[in-house]
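Shared chain: chain A. Partners: chain B in the first complex, chain C in the second.
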Partner chain A sequence: MKNQSLSEFQIALGNFKKNRWALLSVYIIFILYVGAILADFLSPYSYKNEDRKFSYCPPTKIHFLKEGKLSWPFIYGVQLTFDEYHKRVYKINEKENYPLHLFSRGDEYKFLGIIPGRLHLIGTSQPARFYLLGADSRGRDLFSRILYGARVSLSIGLIGVLISFAIGLIVGGMAGYYGGVVDNILMRLCEMFMMIPGFYLLLALRSAVSDKFSSLQVYFAIIIILSFISWASLARIIRGMCLSLKEREYVLAAKAIGLTDFKIIVRHILPHTLSYSIFALMLSVPGYIIGESALSLIGLGIQDPYASWGNLLSDAMSIVRIKFAPWILWPAFFIFLTVVCFNVVGDCLRDCLDPLLKSEKKIS
Partner chain B sequence: MAFLLRNFQKSNLPMWSYILKRILIAIPLILAMALLTFLLMRLSPGNFLDTIRMDPQISQETIERYQKLYQLDKGPFEQYLHWIKNLLHCEFGYSFYYNVPVSRIIGARLFNTFILSFASFLLTWFVALPLGIWAALNRNRWIDQCIQFFSYVFLSLPSFFLAMILLYWASQLGVLPLGGMHSPNYDQMNFLGRTWDLLKHLVIPTLALSIGSIAWLQKIMRGNMLEILGQQYILSARAKGLPENQVIYRHALRNAINPLITLLGYEFSGLLSGAALIEIICSWPGLGSLMLTAVRSKDIYLVMASMLMGGILFILGNLLADLLLAKVDPRIRYEGR
Partner chain C sequence: MGNCVCPDNLRRMAKDQLFSMKESLLSLRNLTITVGDFYFERILVDGLNLEISPESIMALVGGSGSGKTTTGLSILRLLPPALRVVRGEIIFNGHDLLKYSAEKMRGIRGKEIGLVFQEPLNAFNPVFTIGYQIAEVFKAHTDLVSQQIFEKIPQLLEQVGIQDARRIAQSYPHQLSGGLRQRAMMAQALAGGPQLLIADEPTSNLDVTSQAHIIELFRQLKEELKLSILLITHDLGMVAHLADSVAVLSNGKVVEQGDIKEVLADPKHSYTRELLEAMVV
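After this line comes the complex of A and B, so read on.
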């Protein structure tokens, strides 16, 4: 039938699409995630590729005009010198001129960990270095490191949120459904977790994790720790919703058929909490990204040589460095952009799904 | 005297029982937190003595003496009992890193964190409330849209990024001190000089902490005001002929602020935790930076004491919030029986 009535979700989605800012944010998030996945290809250099001759090199200017005529983009070579205050000055040498190559052969990588490749989107010929956003202390390209860092920061946001939501939904669902002693115990547990100041717990848990862990293990440990400190508030709210949802007739019908408690919770009650869960999920991702950045910033998170946005910012903790190399603040801009986008999407989802929530409450 | 007694007996009994109940609940929570802290430290591999063992100059006997002194050779359960017993005597153990009893460092650092949190709290509430009210009264005009836009931006800005930017600007302007709490010549200043010095050092950390909270609180205040201003009794107050500022400040504002009172307590307890990262970046000598040093040097007693302090203050903040709520909202008092 052509004129089928739309479900409430579809109406909400339609409303969502009408909001320009929300759509823009979704596109930006999508671009960031694609950039993270294709980091190997999109970045001119590997995250490890260092060249100490270009330490703290400012961003390279791309020139399009050669002797007044439009030409293929090129860059000039730079030479490191020191001025009379022993400050680094990069003198541009206009005699050396290096055109940019598209789809050039560069550092080796393994796409998705299995497919080896050497293709990079942009590159130049040696010995020039193309620094889109400048270089860090070891001459590593900041733009490449930001792309590789996006992998860590964005994935921690996503995976951490999913884990804490799984825990929160199950605990909240059980507490709300069973009520009584189970509810009491679980809620006291939640309160205990909410009582401890988050950052302190983060530090303490991180110190409990062994120093001898490999980077991958530290990565998973951080995800688990971040989920650990954040599941409690969600569990409380889900429990409140389940307390009212379990009085509905279809739950009684399901019990009469003989469905097990677990199936009732998972298949019948929890889906109705979805409208709250989705936007709460979106609104908590920024917390995880900032949490991981904060940990890496103080040196307890992802370590060198691996990149994460927080890790890259630990360089920026010194004011002297910011003054003479302000481009090292670029990772913070990316963090900010991601957080703004997730906040906008979350807010818009909440506004769209609000009537859904209200109707849930009315029927009960 | 009789008047006071009468008041106490008549209407405050439900409230006192509510307060007592909340305090009683807080105690097992504190014990649970102590247990959690202890477990975390036990989980942490290696202890302070490992670094000393590496040093060839220190003999085996000294190491063993340290072990006996700090009970590091006994089992975990005995260590825990010993620690709890000491806690009740307000003895938090010994810091290996600083070589002083923990209680000496914690006191000063706690006070510093408290100064920062309090300053941030004052700034937040004294700026956000008027801003929110003003935004509500000028709804959707350009000034309101401006405020909302900046609120959104500052809400999403990570506070540590803001601290870095503020430090950078301060270094450009050269007026404010860049981190730390005291200038080098602090001891030679008189009282007025010291206060001024403290205020100058407070500016950047307080701003970095407060701006996010101002954005958030302003939004809530504006939302509350708008909701109240749409109510019937405001309409009737206006119809009665009350002057506009009486309608707003005597009727609307009082009701709009009510829900925010609970936020007051919760925000205070949240501030202590949020201040930790800013303290580290701005080199403010508070509980947060102490915790970080302790974690890095595996100074067990210091970590446990800091975390316990942080947790206790958090619980106290929540208690304060509950008490304020009980005072402001009569329904809670009678339900709390």
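After this line comes the complex of A and C, so read on.
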């Protein structure tokens, strides 16, 4: 029916859409995640594809004018030489020009781990290398590595948050609903976790975990460790909300129809904490991304040859390198962009879902 | 009640004995509920004795704070943690509910005894539809499949007098009017097919015409479903229209109890007389 009133979700969504920055941030986040999923296809090269002849090669300029006429984009070949200070200089050789191929055949990959393929969005023919954002010390394309790194960094943010979210909801829900001794024990447990400074706990846990782990195991270990240290603050707040929510009359009504405690907590109490939980979730994703980056930066996280944004930044820990090859700071920009976008979205969500502000902004 | 053994009293005492000989559905014996801890204890319900027979409507009348809602909730053992039942028995169909385990109690709630709340807007979860919340009762107590439940809910809603049942079942509580919400809540209480319905001030928040409809609905349900109803109210008008027997509560004690016609015609206790006089006819 046309004049049926909107559900709370639709009202909140409408308000959210009014904020342009938040919408933009959502699109950017979406693009980043799509880029991470389609990294195999979108990147010109594999993350492992190295060519030492192009070490620290600057970003390739794409040319559209050939002899004054508009033409299909192409690049020039480069030659590594050293100047009198033994600094790397890449001489552009205008005689060799290589057109860019769309949907070219490049390095092999397995899409989603199952479907093999060779198709890449952009590529050039050998022996030229197309470096959109420059190359690292081994001649690996930074743009490709950033895309593959996005997989690790962004997924750790998401999965880690979901795990600690689940733990926090359950612990907070039980503590708030049952009260008494259960509440006491669970909250003291939370406080124990919150007591220890996060980063040190992170390092300690990571070091305690075996160093003979394969990369995949390291990946999961990082996720678990990150969730381990951050569920406690969410649990405390959820517990507070549940303490007041369990006094509501529909909880009494739910008890009066004979529902079990578990069903009451999950169906009648916890959904009302979602308005807080969702934006708390959004606002804590950056923490996970930065936590993982910090670990990888100091070498305890994802190792070479696998890429993660923190991993890529460890290359940039030298002022000399930054001076002569400033493009290796690009991963930092992506981290910054992701963090800002999540913060903007989380902030806007908080405004939309705040029950006190809702009455002013209702659309009918 | 007087101690004098005059003919009227004799007749009444004989009737009472007969009354209690009929097998009662619910009987509260010496129920005492207190609040507070060791240092400060206040008695909310003091030695309450009540009998509800099958297929009858018993009204529990009293002013605010007389302990009637507490009594109603204590039957289902839904009292807040600060309140405790210190003495007494709640015999339902021959079993003492106070001795039931939590799991057995869950089998009783919603299935054998239903509870209708005073303010249906608060008693329904605002984020779920009416149909969903009624379906919860079916899911908790029966083995019916979703499809069967989907069929049963409109039937249930029509039984409580709701037209356009399918649309109402898919609506949210805030989309319905007060009278509809109250009927929907009664539908939820009746979903499990209970023998006893505890109605806690069911019409206090409604306008007069809706009140009349709900009163008529109660009468219908009692006849059609062979239901017993414990009506907790302070509205003597509704009691006069509906109840078979009445118990008057004051400060947690029963000051008068008996058949409705007798109590209304000849109130023994001063409090009952005050209530009758205060009633707006």
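Definition applied: the second predicted complex is superposed on the first by the 355 of 364 C-alpha atoms of A that agree within 3 Å, B and C clash if a C-alpha of one lies under 4 Å from a C-alpha of the other, contacts with A are read in each partner's own complex, and residues count from 1 in each chain.
The criterion applied here is as follows: contacts are C-beta pairs under 8 Å (C-beta built on N, C-alpha and C of every residue); 3 or more make two chains touch, one makes a residue touch a chain.
Everything numeric here is computed off the predicted structure, so don't read it as measured data.
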Partners on chain A (chain B, chain C) - clash or fit: fit
First (chain B), second (chain C), both or neither touched by A:I92: neither
Vertex chain A; arms to chain B and chain C (CA centroids, nearest 10 degrees): 90
First, second, both or neither for A:V182, with chain B first and chain C second: neither
Chain A residues touched - chain C or chain B, whichever exceeds: B
First (chain B), second (chain C), both or neither touched by A:L300: first
First, second, both or neither for A:S207, with chain B first and chain C second: first
Touched partner set for A:A254, first chain B, second chain C, both or neither: second
Contacts of A:I31 with chain B and chain C, given as first, second, both or neither: neither
Minimum Cα separation, chain C to chain B, after superposition on A (Å): 19
Residues on chain A engaged by chain C in the complex (per definition of touch): 4-5, 7-8, 179, 248-250, 252-260, 263, 267-268, 271-272
Of chain A, residues touching chain B in the complex: 191-192, 195-201, 203-208, 210-212, 286, 290, 293-294, 297-298, 300, 313, 316-317, 319, 322-323, 326, 329, 332, 335-336, 339-340, 343
Contacting residues of chain C [partner chain A, same complex]: 76, 78, 81, 106-111, 114-115, 117, 119, 122-128, 136-137, 140-141, 172, 174-175, 185, 188-189, 191-192
Touching residues (chain side chain B, partner chain A) in the complex: 29, 32-33, 36-37, 40-41, 43-46, 152-153, 155-158, 160-161, 164-165, 167-168, 171-172, 178, 269-270, 272-274, 276-277, 280-281, 288, 291-292, 295, 298, 303, 306-307, 310-311, 314-315, 318
